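Chain naming follows the written order as A, B and C, and within any one chain the residues start at number 1.
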Amino acid sequence: MWFYAARRIVLTIPIALGVTIICFALVYIAPGDPIASLLPPNATASDIALLKHSYGLDRPIPIQYLIWLGHALTGNLGRSIQNSQPVAGEVLRALSNTLLIAILAVLVAFSIALVLGMLAAYRVGSWVDRLATGISVLGISVPSFWLGVVLVILFAVKLHWLPATGMGTSGSESFSLFEWKQAKFAILPVVTMALTPLSIIMRTTRSSLAEVLGQDFVQTLRAKGLGEIAIMRHAIWNAMPQILAMLGLQLGYLLGGSILIETIFTWPGTGYLLNKAILTRDIPLLQGAILILAMAFVAINLVVDLLQTVVDPRIKRA
Amino acid sequence: MTDMTVGSGFDAGPVPERAPEQRVRGYWQTVWQKLRYDYVTLFFMALIALIILSAVFAPLLAPIDPYKSSMVYRLKPIGYKQFILGTDEQGRDMLSRLLYGGRVSLTMGIVPVVLATSIGGLLGVLAGYLGGRPNTIIMRTMDVFFAFPSVLLAVAISGSLGNGIPNQLLTLTVVMIPPLCRVAETATSQIRGMDFVDAARASGASMPSILFRHVLINAISPVLVYASTLVSACILLASGLSFLGLGVPPPTPDWGLMLSTLRQAIYVQPLVCALPGVAILITSVAFNLVSDGLRQAMDVKG
Amino acid sequence: MRKAKSPLQTVPPGHPNDRGGKAQPMLIVEDLRKYFPIHAGPLNRKVAEVKAVDGISFSVVKGETLGVVGESGCGKSTMARLLMHLMPKDTGHLIFDGDAVAEPTGISLRELRRNLQMVFQDSYSSLNPRLPIEESIAYGPCVHGAKRAEAKAIARDLLEKVGLRPELFGARYPHELSGGQKQRVNIARALALNPRMLILDEAVSALDKSVEAQVLQLLGYLKRHFNLTYMFISHDLHVVQYISDRVLVMYLGQIVEIGPVDEIYNSPRHPYTRALLNSRLSMDPDERVETAPLVGDPPNPIDPPSGCRFRTRCPFAEEVCAANAPPLGRSSSPLDHLAACHMAHEGSGHSRANQSPAILRPSIPPVAAPVQRIHA
């Protein structure tokens, strides 16, 4: 198994390098001269050349990439054009806020999906199954940013139960989930975020569980006189590796997908930061945020893969 | 030389096997036979046709000019005077804007998937059929794109390129290529290992001939089914980009952009503000259910 | 109960494409070799090789049926695919009717494939599920430049010859056929290029016994009608005995014994052949096999035993068997009986080398073939 783990980690390296290449390329596909925004409009040609040289922009692109990669590896992702703050620090601060609601959303989605999926798989074709399937179709079809708006209209505008946007008066510095005054700000974003992963995890649970329940060993368990609940316990453990894999993937997707939801709820996470970067065309900030989020996604995938080898004995120890 | 001669009892020559009387049906006919009785899928197919037609004929159907704004009629409720679905924050007719908005939104959902199916499908089929080094190069490149969550990749490319229809089309196509390429590659490499492909090679056929006559017609149904599921995802992604201001520039109507500009008005006209989202939701549900139906009719696992 | 005139009753004389004459073997295989690399470890480096086919030489005589037997995994199917050039070989030469294949002087691969065709095992993947069977058969001729109508006529003619009425079956898809019918189509497809030799890779193994007999029957007729040469690969020893003129026995990628069918079945010289023959089931309850003649699995082909590859499972293994590998030997006539065993070679150093082959005779007499064979 260690062998497999080592191999999986080695395989991740070229992918991570590829990710850095794409992130590096973002600056080049962006229209406009990156230098122009840094100089006053009346700068002379020699000023431009001087600045280009000081940024290393006069060197061949592969060399520029290596320099950039070297800086990125030491945690230097440049400075934001808007407020001249180091990009890495800003993104990491925002990332903790995003992770908070993303993890909560995945946990909520997982617990509901598991129950619904089990009920649906136990009696395929029953009304529970049809209800669950209906929910999952809605869940993957609904635009999350619209759902957020609808929830705000309902619970904030009409019912006044929950706050519409933001993270509370104290901001992210002292945010605590255990104090209702602050935790209530997280409820709507988490619910909005949870619906899509809920649908997808439920689909996975339903289909993989239905497949397991159709296998011969389940018949053997029944023949041995095992109760239905005990059989379900056996079956769910057999389906668990696939469900967990989907869970990890969904957590990763939420890191990227949070941009829309955080924009609606003005939740100060990476998505909100990205939106700000897009609106102000702050390319270094955009690049840094994308790089960190993509690397987080790669890392999550790696961890999920490694966990799977622990959970699923069928994955070869070769 | 010895020769094989056969003893008594077996000298009747090749025995023609009994042929049960039945009508011969091709694959696509079989698919249609299954779809014919799947009323849910048929209903949503009709709904999609209706949505597409209403977008195509928006100029004929729209009661009022979708660009005509009016300070007097700002944010009127549903059913106010001649405005059947109310007005937006600039007093423009919502119904007309929704009809026109379908043009951009549907284009953004369908065109990138068609482009990505051709490009990604071709790359995947080549990778799956050739195997070896070409496969490694193509599929490892795709793996790099898979290392981004799709929304993040779209935001990264679109955010760098800036807004506008061509940029949005390009972004969505790039995002859709890797998954389609992977599906095509999986389907092709499965078919590649089958005996009938070896039999075709053994008959001395050229690679293009084998690809078209034997590989492609078998790989196409999983790829098409998968592409149909992506249309809904692509519509959602496109409207999300528009919502972020990365799609068509205003004042062109687009469902995602309309949602974004109406967001400020949720305290005034919540129902009207939710309308563009309803349009996106109905379209996306319709495409999802149709692709589910197609998956069952074409008997594709997954 | 003779049926109305079957399309196969007439036998045309000779083959129009014959080049080398009667004495030239149809196919000569020399030192054929194929190793599959195994990649492993964190860096996915090549760590070992599976010696699937390891230096095989033999020839196929014109007009004969050469049976190929061996346990699963011994390299039978790999050999067939190498002969068809469906996968690249590592080393080896092929000479088809006197012409070297795919070498500067000789015939092209395309030409070989017109003359040498393969019938695959009946499985869900042997026929293209999206093509009507007529099209599957007509595909080969189309590839070789026949017009559509011509190719279609060939296909319909062949369908009739394999016992399927073209007007009923031609337009059908594979999923509408039974296993036996599909196998008839597979045979028709292989014949569509008018080949001179067929490689039948487990061609009847997946069929019911009654259908198997019908298809074997058909193969016999086709062979006479089209003047074909067969290479018949199977793990079923009864069927091979029934259909073959000569038999080739493979073990771990090598030939261990080759010779005329009756000699192989009546006086096998290699202990592996003997063990294989002993593991057949008998119809006679008094002759039932009490103990398995072969125990254990074949050794790992990645790291085969030194010397004779069978020595780890051979009851007669001695020091000489570990020291050097017994050669199969060469002979003047292809009809010779050869065995790659030290006991079969005088002066090899094995203590039993001088004993008569009778000592290696199987303990059970071979079961009678399902149908009487008459040698011409």
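In this section, a residue touches a chain if its C-beta (ideal position, glycine included) is under 8 Å from a C-beta of that chain, and two chains touch if they have at least 3 such contacts.
Composition by chain, UniProt nomenclature: A, B = Peptide/nickel transport system permease protein; C = Glutathione import ATP-binding protein GsiA.
Bear in mind that the values here come from a model prediction, so they are computed numbers and not experimental data.
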| item | value |
| --- | --- |
| Centre-most chain, if every chain is reduced to its averaged C-alpha atoms | B |
| From chain C, the most remote chain by mean C-alpha position | A |
| Whole-Å separation of chain centres (CA-atom averages), chain B against chain C | 48 |
| Chain centre separation (chain A, chain C; CA means) in Å | 56 |
| Length of the line joining the C-alpha centres of chain A and chain B, rounded to whole Å | 24 |
| Chain B - residues contacting chain C, complex | 1-7, 9-17, 19, 22, 24-27, 193-196, 198-206, 209, 213-214, 217-218 |
| Of chain A, residues touching chain B in the complex | 14-16, 18-19, 21-23, 26-27, 29-31, 137-138, 140-147, 149-150, 152-153, 157-158, 252-257, 259-260, 263-264, 274-275, 277-279, 281, 283, 286, 290, 293-294, 297-298, 301 |
| Interfacial residue positions of chain B with respect to chain A in the complex | 140-141, 143-145, 147-153, 155-157, 159-162, 232-233, 236, 239-240, 243-246, 256, 259, 263, 266-267, 270, 273-274, 276-277, 280-281, 284-285, 288-289, 292 |
| In the complex, chain C residues that touch chain B | 1-3, 6, 8-9, 22, 61-65, 81, 84, 86, 109-110, 113-114, 117-118, 120-121, 123, 125-132, 136, 139-140, 143-144, 161-165, 168-169, 171-173, 176, 178, 180-181, 184, 186, 189-190, 192-193, 213-214, 217-218, 220-221, 223-224, 243, 245, 371-376 |
